[in-house]
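Going in written order, the chains are labelled A, B, C and D, and every chain counts its residues from 1.
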Amino acid sequence: MSKKSFRQAINEAMRLEMRRDPRVIIMGEDVAGGQGGSSGVVDAWGGVLGVTKGLYTEFGPERVLDTPITEASYIGAAAGAAATGLRPVAELMFVDFVGCCLDQIMNQAAKFRYMFGGKARTPLVIRAMFGAGFNAAAQHSQALYPLFTHIPGLKVVIPSSPYEAKGLLIEAIRDDDPVIFLEHKVMYDDEEEVPDEAYTIPFGEANLTREGDDVTIVAFGRMVKLANEAADKLERQGISCTVIDPRTTSPLDRDTILDCVADTGRLVIVDESSPRCNMAADISALVAEEAFDALKAPIRRVIPPHTPVPFASVLESLYLPDAAKIEAAVKAVMNHKVTEAA
Amino acid sequence: MSKKSFRQAINEAMRLEMRRDPRVIIMGEDVAGGQGGSSGVVDAWGGVLGVTKGLYTEFGPERVLDTPITEASYIGAAAGAAATGLRPVAELMFVDFVGCCLDQIMNQAAKFRYMFGGKARTPLVIRAMFGAGFNAAAQHSQALYPLFTHIPGLKVVIPSSPYEAKGLLIEAIRDDDPVIFLEHKVMYDDEEEVPDEAYTIPFGEANLTREGDDVTIVAFGRMVKLANEAADKLERQGISCTVIDPRTTSPLDRDTILDCVADTGRLVIVDESSPRCNMAADISALVAEEAFDALKAPIRRVIPPHTPVPFASVLESLYLPDAAKIEAAVKAVMNHKVTEAA
Amino acid sequence: MQIARETLLRSYRAMRTIRDFEERLHVEFATGEIPGFVHLYCGEEASGVGVCANLTDNDTISSTHRGHGHCIAKGVEVSGMMAEIYGKSTGVCRGKGGSMHIADLSRGMLGANGIVGGGPPLMCGAALSHKTLKDGGVAVAFYGDGASNEGSTLESLNLATVWKLPVVFVVEDNGYGEATGSSFAVAGTQKARAEGFGMPYMECDGSDFFAVYQTAGEAIAHARAGNGPVMLHVHLARWYGHFEGDAMTYRAAGEVAEAKRDHDCLELFRKKVTEAGLLEHSDLDAIDEAVRDEIESSVIAAKAAPLPGPADLLADVYVRY
Amino acid sequence: MQIARETLLRSYRAMRTIRDFEERLHVEFATGEIPGFVHLYCGEEASGVGVCANLTDNDTISSTHRGHGHCIAKGVEVSGMMAEIYGKSTGVCRGKGGSMHIADLSRGMLGANGIVGGGPPLMCGAALSHKTLKDGGVAVAFYGDGASNEGSTLESLNLATVWKLPVVFVVEDNGYGEATGSSFAVAGTQKARAEGFGMPYMECDGSDFFAVYQTAGEAIAHARAGNGPVMLHVHLARWYGHFEGDAMTYRAAGEVAEAKRDHDCLELFRKKVTEAGLLEHSDLDAIDEAVRDEIESSVIAAKAAPLPGPADLLADVYVRY
């Protein structure tokens, strides 16, 4: 056990699994870096933000494969390799680049098993960074997990801390289905205590990061921390919140969410993805259908506006959910007065 | 005015707009067909299901462009042409093929205007057929409109009849933003009275296909007809329904939906797209946030299971929403008894 | 070229099976009983069979929307294929895939594919498995002239060279992608494209089993020996429409007739092997008859087979969820 | 080769502007005041400027993540660019695009692009506009050696030939895509790829303005005359890291130093024009000074400019919604 960053935790998950299982390989653009360079230095980058650093040195070119800038072919290759005996962890760098390889994810990897009548296994992990807050502008700041969650056949993981990241990534690598593993780019330097050994966190089991009586907050990834910050403040004002980190959007731990709403009767969902057809909508609909009678107030969503992610810091901050917006939403549902007979 | 099929209505919309504005061009795989063939017959296909038939003959090769099978480059070309003075209507054939060109739609066409500070216009229409019911299996039967609806910068149109198709497509072609126009492949032979001249149907204005007191049903595309069939049956059983066809999922006519729910207090949403993060969720969340106090019962969704679309007819029928499932959902919300104090 | 008698018999049988399978589908489709899209491989049999005669179950292939021939050539069981096309629970994919998604991983057949250009990236991956696991296998991506323009295909040519993968890219060039001629849609040449991505190029007449068998043999041997990818360009003609129901007005009247008359791979095979004294007419006639029976009973069985049930709808989306 | 004095002066000024703009950004970035990713074009100036010296506002270009040079070469206003990079409301994109999305359609500049391979399809479209509207314009897609492998790029080479579009594909080959050398990532050759897609290939030394200007002139004239697309392969070196913050450990110690010493396009230009008596040192010095002032005041103005406000967040997603 020692303090590890989100980056280190993810790196360690891959390293341990590569040691454990020779079929685990990693690939992606500059996951080592330096191939074909004039200095002869390999593992020059270890990923564009250094997440795979050192893996090339330990596992060599047969298991750490740099790729040309050709997402369709290498993500497809990862899918094909997964269906034929390897367990690839492919890095898509920015999740925004899924536009260049969606077919291989959506129509190939995700559908093999079903289309082939249950006869295929595709133990593929696709890692990508997502999210706003880095001034990376419209093409490098999207969340996009609703797209993946929408597609049957995929599993979708959004770790909210270093500890979560390590356990969930090891689970993802050992899982026999295609998994999209999304790392918030603003979190790579976040630190917390993380065990040195391998451990897994099962999919579809939400983490109750705090329990309260008044309002249930569901949040994803980086938003979990913000939700807890808001809950801290609210606590001091006498409002007690449950904060749920679902960990995986697909499968989704429906029961925990429904149970908590049954207890609190109020729900706020925090989602940094674009507002239409997103996870906030997905969970709201679940609750409005399955826990309707428990609801004492409208379901509030803390979500960005329906715009691309803007570049300027000042706009990006306005765009993103934050603790103040969450706090306001919680107060709004607490203050809700029924205006009409239900 | 005369009876026209969905196919003819769409064809006519393109033809009239091409006559009206020389900047309107169409492109796609086999939108004419026969280029490079040994018989010398051009316009051999007029689209894989004959929707663009005859346009080549009238407008010639400069305005009806067959493409190689390269969706990224020709959809991107359509976007580039739209930003530089033309008004392309590009056919993607099956919407499932968006996996091969999503980047050009999501990161290029949809974002130009915002990223460029309002200085671009991209009057692009992408037509594609969607939906199950044709035994076309998992890679040729998806709905996928939630993906497009999720992306800021796109407009998304789903016509529910020949009349609707013609008016909405003309509107789409005259619109200055990128529009995704989705045609249900099972509807091409549906017929109804359609005016011969050009007319437009504005985006973001839902069509109340019937009005009732008890339950509001929102349905899209082919589901509108099924919702009305169910409503007919329910009417005879004393249950009176409003059926809303939003026509466009983006922009969405929120007001009409909220008003109707305010009146009926009950909502059923019929959506044939995959169930997670879909339009049913989107509308449910809207209502659970904005019309909560009016709700007398849980919001029910009539949606497919979280599986790829199966091939066999018997499975595909089980997969899809139908009138019977809609009827059952309406009855369920009518029969809802509050089990817990709200 | 020396070819074992066993290989000749097996290859002829595979080609005949494809032919009869497809022509029977053509007839059955017209009755309206077969659902969905059906793309026939008829006329192209020698390509799939000539290539796959150089492969074992340890090797992997990917196919296309026009996949029946590759499946049969790679050893997928015919009655399971027929049942699949009829959407029955006895189908190789339990009725959930249909014509465009027939697969059998136990045979190294990673699926027909409804997406043009879907297969080449997958075969880079299969080749990577073979290379990494050092199992001696090679991967073969079959794709059409139309698919040769797709970005996914072109990227894969590059990736395969960069990673020096044991993969053979077989361009089955029948001159058309749907209703569009390759003389319109394919700029430049396949040969120059192979060079553009640094790989050897070979080509052959796809109606001549022996030409395909030998050329593919060289290509596959090259890849198998660890020398990297090869492009094999096979010249073909398709005998039916793009899919069943296509009137083919884009093709000259005599085009198909000529292909049938002068380039029937089965006739050419029979002529060659009998003239060379490698096989007797009676050997081939016996195969013809056996195949006729096999197809007949596969259709009867498919029609009689049970439909999938509600449990099948939800099964097998995930290994575990 | 005859080049008008006006063109020489304008081109030198553009190259000097790019150089100073970029080197100033390098300094300013280190202070932490500039948000986001910044990719410098320094060292590659003669390519963008040599190509664009053959274009007018009626022609269209697309650029890449490394877009500042192309923007300046195509005439985008420098102070608006600087303000954009600082995320200010006076930026050409009102602070909503940033370094990777600078565009100015009134100058025929359809944007830097954060997506590798994003531009070539767009330029097929711009070329289609020029061809259809018969306005005499051509389109130029700038992209890197790394981008030359992307499916979207390769598909576009094919589409451009099939449609016989007035487009020039300019491969700016600086030997690296991020930290990966093109000797690893690019199989085959650009020349063979051009042939693979049926288009003429030209190449030139990207540190020599005159070589670029002339070769690009021929390529553009070919396209403008209606003869279809051309590939122009420009050999370059980048002087800084892939993005600001890159330590460049993958490059040999002397690589950049040598490029700066022997292949500085500004030095080479100065030497050529003064030796040939086309311009005086004083002409160039005057430009150097003017540019120095321009960049200085653009930075001062950018720093002082107002931030965008809440209304900007919601504005301009659509023309109408």
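In this text, contacts are C-beta pairs under 8 Å (C-beta built on N, C-alpha and C of every residue); 3 or more make two chains touch, one makes a residue touch a chain.
Not measured: the values here are computed from a predicted model.
Looking at chain A and chain C, the chains that touch each of them are B, D.
When each chain is reduced to the average of its Cα atoms, C sits farthest from chain A. A separation of 36 Å divides the Cα centre of chain A from that of chain D.
Each chain gets a centre from the mean of its Cα atoms; for chain C and chain D, those two points are 45 Å apart. Centres computed as Cα averages put chain B at a distance of 40 Å from chain D. Among the residues of chain B, those touching two or more other chains are numbered 67-68, 70, 72-73, 96-97, 99-100, 103-104, 107, 114-115, 137-139, 152-153, 306-308, 310-311.
Chain C has residues 93, 95-97, 101, 113-115, 149-152, 155, 158, 162, 184-186, 317 in contact with two or more other chains. Judged by the touch criterion defined above, the protein chains are all mutually in contact, each touching every other. Per the touch definition, chain A reaches chain C in the complex via residues 23, 25, 62-63, 65, 67-68, 70, 72-86, 88, 103-104, 107-108, 112-121, 152-153, 155, 175-177, 204, 251.
Chain B contributes residues 29-30, 33-41, 44-45, 48, 66-70, 72-73, 96-97, 99-100, 134-140, 305-308, 310-315, 318-319 to its touches with chain C in the complex. Within the complex formed with chain D, the chain C residues making contact are 149-152, 154-155, 157-158, 161-162, 184-189, 192-199. For chain C in complex with chain A, the residues that touch the partner chain are 60, 62, 91-97, 101, 103-106, 110-111, 113-115, 118, 120-126, 128-130, 132-133, 139, 151-152, 155-156, 158-159, 162-163, 315-321. By the touch criterion given at the top, residues 72, 96-107, 110-111, 114-115, 137-139, 146-147, 149-153, 249-250, 252, 273-274, 276-282, 284-290, 292-301, 306-308, 310-311, 338-340, 342 of chain A touch chain B in their complex.
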